[in-house]
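One chain, chain A, appears in both complexes that follow, with chain B as partner in the first and chain C in the second.
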Partner chain A sequence: MSARENSVQKILRVDLSSRNTYTEVLPKEWTAKYLGSRGINARLLFNEVPAGTDPFGTDNILYLGTGPMDGLPTGNGRMSVACKGPRGSVAEGSFGGFFGPELRRAGFDYIAIRGKAEKPVYLFIHDGEAEIRDASHLWDLTTDKTDAALRRELADANVQLRYIGPAAENLVHSSVIMGNINNSGGRAGCGEVMGSKKLKAIAVRGTGRIRVADYPGFIEAYQMFRKRLDLATSRDPWTPVWSTYGAPVLARLFTDIGNLMTRNAQEMRWDEEKATRIGSEVYLDKYVTKGKACFGCPWPACQKLYQIPSGKYQGFKGGNYWAGQPVVFGSLIDNDDLDLILVLSGLCNQYGLDVFHVGYTIAWAMECYEKGILTREDTDGLELTFGCQDKDGLIDLVRKIAYKEGFGELLAKGCSEASKIIGHDSERFCLSVKGQELEGIAERNLYMVALGIAVSEVGPDHTRWYPPYPCNPNLMTKEELSSLGIDLDLRLAFQGRNPEEKGKLLRWFTISRAVIESLPGCVFLVRDTLGFDKRPWWQLFQSATGTALEYSEFLRAGERLMNLDRAFHVREGFGRKDDRVPIRMATEDVPFFNYPRITDDVFNHMLDEYYQENGWDLKTSIPSQEKLLELGLDDVAKSLKDISMESER
Partner chain B sequence: MKRIYVIEDLCNGCRLCQTFCSSLKDGVFSEEARIKVIKIPGEERDIPIVDCNGRCLNPVFGDKTPTCVAVCPTGALIWEEQPQAIEKRLQWESARKTHSLFKIVAPWKWPFPWSQVDSDNENIEEKVGKR
Partner chain C sequence: MKKNLDLQYAAHVTTLTNKIKESYQSNANTMRELIAELDRQYKGIQQLFVNPKTGQINLNAMIYYKAPNQFPVTVINLEDKIEDRSTITFW
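Our next item is the complex of A and B:
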């Protein structure tokens, strides 16, 4: 098979209602303007899904997008999935694995799926061909069983899969799209939308070849990139720790500095012994069977596979114990049994549930139970206390959420909707923004996080402005930053509880991560100076695609994406009024550490700075006409011109 | 003569070796390479199969190390004469018994001193059994 040129991006259009498929070539200039993946998904979404579209209707479109770096060693198998989400705004997320490279080798960069199938189907893509096949026999299967059944059916060990579990089939809030059993993406509702289309899975197999425009240039850029991320050569001491032990290593540290959400964030400090029992060292010692990585990752084992070695749940297998699970199934519900954490998170993967939705909603329900708002009558007899005495009951509750059974039906709505139904002021301790649950990162000690979760169009998603934690401010001097066009005082910006510079820092992180996710690449790979110096990626992109771009124009693609997301958001009626932190963070101080609540003054100061830096209207957050025209988004400017929104400030 | 040796249990399946190898001849990335990482259906194993003398057409990292070995993030690939390869293998066997970190990365890839966790390093053969 001849090698495909990397500057051309192709989209496979699928209409499930009419069962038609066809291919289009995207405008060549889009590669320079939007790069690919998340950037092009955002462009397509804004163009093709008008305001007011029913998220579960036939006109909503689910996009899966790779990009010009996927299939190359620096793409890390990342891909973006996007649609209009059930909460009314952009739903976008990304996942790693091997699906993206396989799709590109099969001859496609994007898949756009509209319509609805009459009965369950799956899409099989192989070397330039696409077929819609019956999936009745797969419907209702958990993700692990779907994976096994499809691999058997297609009889190819190299086929790559994306699928939904029973939760998305049942339109459970926030359910995700899964792949490789343990990789999830699109928690803002992409799984629900896929379920509403009765699309159980997408299978892809490609044997094609990808040619980069300038191979020596690509290798030279790769060496620069790799040097900063390699365990032996990175100047960032966190690199080896993060890439092997992983994020759960933070649990013990966080309990000491007031960053660990405990008992539904009523406290931010957990028993140190409990935090140790669920930490990375114990996980690695007792549970890990094997290191795993996404395609082309330069790190040894960001992912790991586990098996519970003994006890009641002996033999239970899963993968990916990362930052979320120690919080949502650990400190947040006061559970220090790592067996139980791994079973709960493994079951979420099998049902296709979002761990953050499940963890935060259960924690909210526990607080309701503690306060007498919910009783055993409401919980189907389950003793729903912090500390998790009834472990089997909790495990069964996860199943009930996936199938919307009994008490699970209430929790399947997410804590935001559930608190409106239950009332009794329980919204005060529902930890969500824009109807989407948090992700376990402290707000009252890290003001940039507070701002980040508030303004994100997709709901709380720290990967949009990773890393949420202060980096070493000595990695780059002010002069070095200035030479890269970054006007930031890092020492000030990294002060956790100081509102100054937070808007500017968040803007930089949002733009630069949007660039990485559009190549695509993995936003975790920003250690050493890569958090601020994007030139290695810039050179990789230019050499891979043959697209000559000024460095500032490369970064501008990220700003364009940020404005496209906001434009979609305001077109659907969202604005400043929706950019909030959860009520608890705005009204309660952090006990023991005495970190104050995030007052309106502090929050508005950060929000004003952020909007102002972005060129967005301070009262509504609508991007200004000047900004949109400056970014070459003339059509977007035109469509937002007549939008009116009352002042929300 | 130096050869490429493999520690299968350390392979994380990233396919950096295979992907770079595929590109060495004509700058085109594909699955076709002299090292292939295969999977067994239904099993979580990644198995690199090497069909190569290690003398790359165009090594990416320096002249002396084959590209696949140089880009491997875990140390699953070794480029050594047989006695040194055995020594490294034994070093890893010993390391993984003393510290769980070395289930996922080879000790020679870890940048911080690891010998402190294995004070009995010289009795390596006792730990892993006689060859």
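Our next item is the complex of A and C:
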């Protein structure tokens, strides 16, 4: 295949019901207006999936989107996957690896999949062509076995793959799409939707090239970008930590400051020795076999592959032990056995389960057990106590969740649905928002996190407004921020338990991430200046695509995406009433530290500020007509004009 | 009089100290003095935490300071005083 012009974005349309495929070229003006990847996915989703569409029906569309920066040497193997999720709103996530660049080399930037196959199929895309092939022999295979089987079948070790495991095939809540064995994405429901279409996998192989529009300009921009990542001069306190030791270092650091969810967040402080036993230092020393990076990433490999060296689970292999697992399989369930954490995490990857769903739902069940709400009769005889005495039972429970067997069938629904079924007021300690389980970050000590997880349309997803942790307020001067058009008092904004400036800060971080994820790019590579200064990325984008736009317009693309997500959300009937923290965080103080619960006054103050800064209605969260027209979203404005809803504020 | 401190080291800092924590006796009165003292034992730790141009804490470094019977706070000012029996985390 020949080289492609990088500002032209193509979409492969697939209808699994009729088994038809065809190609479309997206409007050229979309590149400047929405950039690509997540931005264009959001535009397509709003245009093509009307309100009331059945998430598991044939009219729901699963979008996989790369973007004009994918396949370029800036660490951009990222891509976005989006659809209408089973919880009723936007389901969107991203993953890294190598699939995005390969798809672009095959001649496509997006895939839009509608319909439903009669029997399991996989999609094979190669150099401008697409085939729908039988996947009956792959159905029910775990993700690692699917990966191996497809590589053998296609006789090509360089083919790139995305696939689901048994969990998504069984429509387990929050199941994910996997790739490159350990990369997962789309936890808000994309895996379930893919499973509902009986689409087991997508394979892609491409030999084309991606031509940068302005090569000298790109090199100059790239040098600026790389300078910002220099470990010696980066302004980001997490750069040195993340690039070498990774996020599991947080377990040991956060237990001291009340940031570590312990025993289903009944406490926020864990035993220091236990936290040390599951931290990065031990992990790197005893378990890691190899570092692994995504396509073209300039950072030291942040992904790590591991193997359990000895003991009962000797030989078990997996990858990507990061920030979530030390919490959800560690402190949250009071387990300090790192072998067990790595087995549970690895099994989730193999089954295609979302680690947060599994961890928080098990923790909820443990608290139910502790309170006598659930007994051994309910749990198939499993002694479901915090501390995890029955390790084999717990491992088998993960399998049961993937296959909806026995007690696993209840937990497969997620803690929100499960708590409604069980009752006994167990909703009070189900840690979820909009039906989606939390991640691993504290809310009662970090008010911006509380606001961020509450307002996110996909449910808790810190990557949509990363970074969650406050940094040195001297990071940028007021003059620097002002020159970038940002009006923020960092001293107030970075005070964890002060509600002031949190709405503003969240807005800026959300726009920042929206821009990066639309290029696409990796959130870890923008951490210098915490993403306040996007000028290196703006220069990279312009030189890569040949699309000239003002810096303010580059940022405006992120604001457009933010409003498209919210527009889809309110069109489905969601609103202010749904932007809430979990009940526990709103009703219980943090013991030992005495951090107060997040009161209505505090929360509403932050939420009002966030809506106001965004130009959204304070009662309903609907974006104002004025804001939508300002952003050039005239059609969206028209679509929302007649929507009204009661506020339960 | 020497102060008895609990020092903790995380992530890349452990490559300099070769340990994750220690009980440490110090003559330092401020964080700046403590870092200078530690640098004599763990060469390079000053470079990690103190910006040679500004003399302030490096923006890409974090220090948590926990005074006795208090909760940890982030260190912004290297002139902050250090109390006996405090816990300091470097990362």
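Some points to look at:
We take it that the second predicted complex is superposed on the first by the 640 of 649 C-alpha atoms of A that agree within 3 Å, B and C clash if a C-alpha of one lies under 4 Å from a C-alpha of the other, contacts with A are read in each partner's own complex, and residues count from 1 in each chain.
One rule holds for everything that comes next: a residue touches a chain if its C-beta (ideal position, glycine included) is under 8 Å from a C-beta of that chain, and two chains touch if they have at least 3 such contacts.
Note that the structure is a prediction, hence the values are computed from the model and not measured.
Applying the stated contact rule after C-alpha superposition, one finds that A:Ile257 touches chain C and leaves chain B untouched.
In the superposition on chain A, contact is made by A:Thr276 with chain C only, not with chain B.
Among chain B and chain C, the chain that touches a larger number of residues in chain A is B. In the superposition on chain A, A:Trp299 makes contact with chain B only, while chain C stays out of contact range. When the two complexes are overlaid on their common chain A, residue A:Asp236 makes contact with chain C while staying clear of chain B. Legend: residue contacts after superposition of the two complexes on their common chain; A:Thr244 is shown touching both chain B and chain C.
In the superposed pair of complexes, A:Gln223 makes contact with chain B only, with no contact to chain C. In the superposition on chain A, the residues of chain A contacted by chain B and by chain C overlap at 231, 240, 244-245, 281.
By the touch criterion given at the top, residues 3, 71-73, 98, 105, 148, 151-152, 157-158, 207-212, 215, 218-219, 222-223, 226, 230-232, 240, 244-245, 281, 284-285, 288-301, 303-305 of chain A touch chain B in their complex. Across the complex, chain B meets chain A through its residues 9-10, 12-16, 19-20, 22-23, 27-32, 38-42, 44-45, 60-61, 71, 73-74, 100-101, 103-105, 109-112.
The residues of chain C lying in touch with chain A in their complex are 8, 10-12, 14-15, 20, 48, 56-57, 59-62, 64, 66, 71-72, 74, 76, 87, 89, 91. Within the complex, the chain A residues that touch chain C are 231, 233-241, 244-245, 249, 252-253, 256-258, 276, 280-281, 470-475, 593.
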